[in-house]
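Each chain carries a letter (A, B, C and D) given by its place in the written order, and its residues are counted from 1.
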Amino acid sequence: MSSKNLLNTFQKIGDENRTALLTYTVGGDPNADISLEIFKSIANSGADIIECGLGHGANIGDGGAIQDSTYRALSNGIKTDDVFKIIKDFKKEFEQNIIIMTYQNKIMSYGKDNFIKKCNESSVSGIICVDWPWPLNLDFANKCKASDLTFIQLLCPTTSDDRLKSILSDAHDVVYYISMLSTTGQKLKVGSEEIIKKFNQIKSISPEKKCIIGFGITQDTISDFKGTDACVVGSELCRNITSSINDGQNPATKIGQIVNDLKERLS
Amino acid sequence: MSSKNLLNTFQKIGDENRTALLTYTVGGDPNADISLEIFKSIANSGADIIECGLGHGANIGDGGAIQDSTYRALSNGIKTDDVFKIIKDFKKEFEQNIIIMTYQNKIMSYGKDNFIKKCNESSVSGIICVDWPWPLNLDFANKCKASDLTFIQLLCPTTSDDRLKSILSDAHDVVYYISMLSTTGQKLKVGSEEIIKKFNQIKSISPEKKCIIGFGITQDTISDFKGTDACVVGSELCRNITSSINDGQNPATKIGQIVNDLKERLS
Amino acid sequence: MMDIKKGVPLIDQHDENGYWGGVFGGNQIAESLNYPIEQLTKEFEILRHDETFIKERDYYFKNFIGAPTPFIKLENLTNHLGGAQIYCKLVSKATGGAHKAYNAVVHSLICKRLGKTYIGGDTGAGYAGKMLSMAAAKFNLKCKIFMGAKDVERQSINVFSMRSYGAEVVPVHSGSQTLVDAVSECMRWWTSENESSHMCVGSTVGPTIFVKICAWSTAQISREMKQQVLETFGEIPKDMKLINCVGGGSSAMGFWNEWIDHDNVELIGVEAGGPEGSNKHAAPLSNDSPLGVLHGATQYVIQDDQGEIEETDSISAGLDYPGVSPLHCFLKETKRARYTSATDEEALEAFQLVSKNEGFVSPSLEPSHAFAEAIKIAPKLSKDTIIVVDSCGDSAKDSKIIAERLGYKI
Amino acid sequence: MMDIKKGVPLIDQHDENGYWGGVFGGNQIAESLNYPIEQLTKEFEILRHDETFIKERDYYFKNFIGAPTPFIKLENLTNHLGGAQIYCKLVSKATGGAHKAYNAVVHSLICKRLGKTYIGGDTGAGYAGKMLSMAAAKFNLKCKIFMGAKDVERQSINVFSMRSYGAEVVPVHSGSQTLVDAVSECMRWWTSENESSHMCVGSTVGPTIFVKICAWSTAQISREMKQQVLETFGEIPKDMKLINCVGGGSSAMGFWNEWIDHDNVELIGVEAGGPEGSNKHAAPLSNDSPLGVLHGATQYVIQDDQGEIEETDSISAGLDYPGVSPLHCFLKETKRARYTSATDEEALEAFQLVSKNEGFVSPSLEPSHAFAEAIKIAPKLSKDTIIVVDSCGDSAKDSKIIAERLGYKI
């Protein structure tokens, strides 16, 4: 699963005039088996690309919903290797690209090189690291590139024009636009026009790069983003995993239904 | 009951080669009726002179036993006039001299002249005021004298020789020697020889004045004071009033027995 | 007519028997206390003119108590109220959190000079006791603190401090179980123990010498403030009002001492009005209570027709005292100061207004009474009027009480 | 080899990416925080060289916080221990009762300069939060404080203060419910609100600029102390040891700042060793914890093999933090300071010994750790050695905890 492959996927979706649907759930939530089942259900329900959270307890970017998922996975003893194993098992049966979303300390404590190696072994396509901003991440990003992994740079509404250009010039094939100033899982507090405006700015600078839009997107708002490259839904899924567990139901079923619905709304 | 009369009493006892026995209980403790009964019982049991406390809640000279008596009387609504009435009723039947022991604020709030007048009407012989030291008390003492009331000056172990002489020179016929530095009702913490030494000093300066010794004297120690002019037992009686009440018994009976015993031990 | 003499320290304006105006104060004590009081009186007269002693005092005031405490303008409160300019003397910054530290240090130093090894004192809010135990620990004195059982309960944070400084805290269960009973019990203790022990009265009450020592000690407040006023305004403002709460009156005396001779400086004392609608005010001056003798001194005192001290009730333990300093009686009678009161509710509101507007000032419930008066009068006054409030205590000790009353969950 | 440069402020010895020694610190933050951090970094560079700003800072340090705090000799403790001379910088006398006031004032002033009306901050012991709400009330800022739910419980007196200053206190229920979670939550809040709001990090932790501002603010402690040392000894003592507790490390940095270049001054940091026998030390430096990224900065941090922060346990909420300032990591690595730890029990014993011997010093549990180290080493040292302990917090906030542990009835 080379970085080439991730770009290809995006390009194929672009060629189909579709907006890629990405999901975010936490790897190992609530445990390895069900988490794998959830990923499968997501894949079967039509998600194009799957973000898999490698959660960190002392994260500073997650809202309540994703924190709950993270704490659930961690307190059930999920380790970094477990998450890689889930991904590996998933990839045995499914084509969808996997992007790991994590925090720097998870990578550091695993060892940077080791982490990249393991990503390769598990057929991971890309890495998002929330607390490793440009340009501090360049060394690691280069290492990723050398190992055929896409390191996905983050952009946000207050990224200055200069910075935007520099980041884009250093970025790999795919970038991620954080739709608003917030942690994950908050209500979308800016209008979608504004988000799309910034998306267009990014595209005008780097037309060849694919841009994922994330943060605050739910069943209610996803249709606004038709026509962009890709968008992610995360907290809404995590919230539903929590409620399914609380109701004694299999979260995979519910998540599958929601992803189906998201897919429909986006097409 | 003129001040003459108090001196006469002392002189008569002196002539009999006896040490006068004085008692102290709080007027109105626990109520007017029983208090009167107690005074009668004391008189019947052979006390020579009776000190009647006109208690004050914010006193600064009483130990726990007398404080209890005071609070009991006060919380049962005993007023200054009630105490005068008890004394008056007592004097209708008994010869024993009554000395009021009180605090300055009781006298001030009653009105000084009024207080003296009432003492006269109730046949009180003398006044001890704990917190009205010489020479601040001289005006009032003179008023007492003019009304034939003995104002009893207090002396104590740390009264300097000069002060002792001055006080004695201003004193009426009777003075009171506080045996030790303490509030009422503490254990005698100085040897009786020491007390008697000071008593003798007082007598050598003013042989004509009668000197009451008080504070810390109980059934156990009273016999040490044979040969002095007079001694007072207070807290031990108050303590027994409390215990009798707690045991549901008539305190007058118990107090009578103790006074009997004290009388015996002193003779 | 009673008169204040100019140019003579107020504490020295008593007659040979210790009475200010011939009436207030004195030494109405048991004979057993006559000697130690005479001894203390003599010693203090020597020490207050002894340069070494003054240096020592100043050393501890500066290095331990942290003098001078700040003098600051309360801009937000001034703007909020519109009217007089409101300033604050932040005495609560004195080590331990209140003005009681000055008296405690001086008494401890005296105790050592007297060659005594034990010191005892009364406390209401617990500040006097906290500071005394604090100083006692420093000066290697054994220490005993008498405190009404009700106050032990409601001012437990200060009790904690006393215990941690190694003092013995004696809860007093008699009477109303508040300050008045604590003082009585402390005096009883001293009556027995005065040969080896020294007594510190926690406010400007008690026999004359205690009134004098205490006022002499807290006078540090106005001594340093006068300089700060001059630094701030370049001169003494034409129209200045000094507002202070009055329990026993030590804080107010210290705050006013240097200003007595300045007739353009109005002195306003605020007593505890107690709960709204209750009659148990702890406000003998503003309610014209009769003269009486309490704790050895003649003063206005809240009492019934039998001369029995009446129970008072105040949200602020430090003001919950039925008597008041002879010095304040004298200032009232000579009309040099005016006295008023604030209710529990007004004090609580003042606490909130001041806290929310002026973070650094966090008055305990006692000075909140003074702020209540400032808040009442400031809006009606001109911008040229300077109000200075003595914030003489820190609110930490009252956190439980205030939180309960205001429904904060803590 | 990492080296400290002489003549350059420690806070400026980082590289262009914000790393001290090329390793510690940095800005490992979400992209959403990049802009406000750049803005803050620029603004602070201007302000720290702006005379008006410095004057304003000094005005508030002096008149509100009450600088300078006393520098005193602990005669009794010195005599009791026999050995080194023990001195104490009584920082607990800063308004509010701890060194956290300096950082809070500076951040509030910066917040106003940035034109922001809202300020938020984290707190552990509650002092950082108390001081920030205090300053916010003064400077008319809305204020939100994040505090672990466990700390809200155990430091309720400080919570009371925050509420009374009008701050919103947000209990954080995630993770260990202590400081580490409060900081995380505060950073999350700021991520969302940084356009209108300013964030104050309560210690020398977080992204580089916060480390710098905080250390720059608490540096007041050593600036004024250097003068006091010179006044006291006439020169800088040949053999001086400065002992300070280290949680995040803001107090120690402030206490040491002016002394970094004086090689004859030994710097000793004391971390929280936790309950005797427990492994939950909050002592990343003295226990050689691995490097990690926490709250945006690279530092030694207590973590498991998965990079998950491990729960710590300390009787002192203020030291109960799994990470530590990049500055202290740098000082450790360059061997300029040495780090050790004291257990809960040792801290409690130190608290008692200091309180009973030296009333005026009433250290909270955090500085009690520093005193524990002083007590350990002083007896073995010569009379020519000067130990100075920073008593950076007042015990009032800990009364409940200490009383329970020592069995005082309060």
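Please note the rule applied: a contact is a pair of C-beta atoms (placed from the backbone, for glycine too) under 8 Å apart; a residue touches a chain by one contact, two chains touch by 3 or more.
Just so it is clear, the model here is predicted, and its values are computed rather than measured.
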Chain groups still in contact once chain C is set aside, others held in place: A, D | B
| item | value |
| --- | --- |
| Identity of the chain that, by mean CA position, is farthest from chain D | B |
| Centre-of-Cα separation between chain C and chain A, whole angstrom | 66 |
| Distance from the mean Cα position of chain D to that of chain A, given in whole angstrom | 37 |
| Separation of mean Cα positions, chain B and chain A [Å, integer] | 95 |
| Residue list for chain C, restricted to those that touch at least two other chains | none |
| For chain B, residues contacting two or more additional chains | none |
| Topology of the chain contact graph, where touching chains are joined (line, ring, star, complete, other) | line |
| Contacting chain pairs - touch in the sense defined above | A-D, B-C, C-D |
| Residue ranges of chain C touching chain D (in the complex, touch as defined) | 62-66, 69-72, 76, 90, 93, 95-97, 133-138, 140, 156-157, 159-161, 163-166, 351-352, 355-360, 362, 395-397, 399, 402-403, 406, 408, 410 |
| Residues of chain A touching chain D in the complex | 56-63, 67, 71, 74, 79-80, 103-110, 130-136, 154-160, 163, 178, 181-183, 186 |
| Partner chain A, residues of chain D touching it in the complex | 17, 26-32, 34-36, 174-175, 180-181, 184, 187-188, 191-195, 290-296, 301, 303, 305-309 |
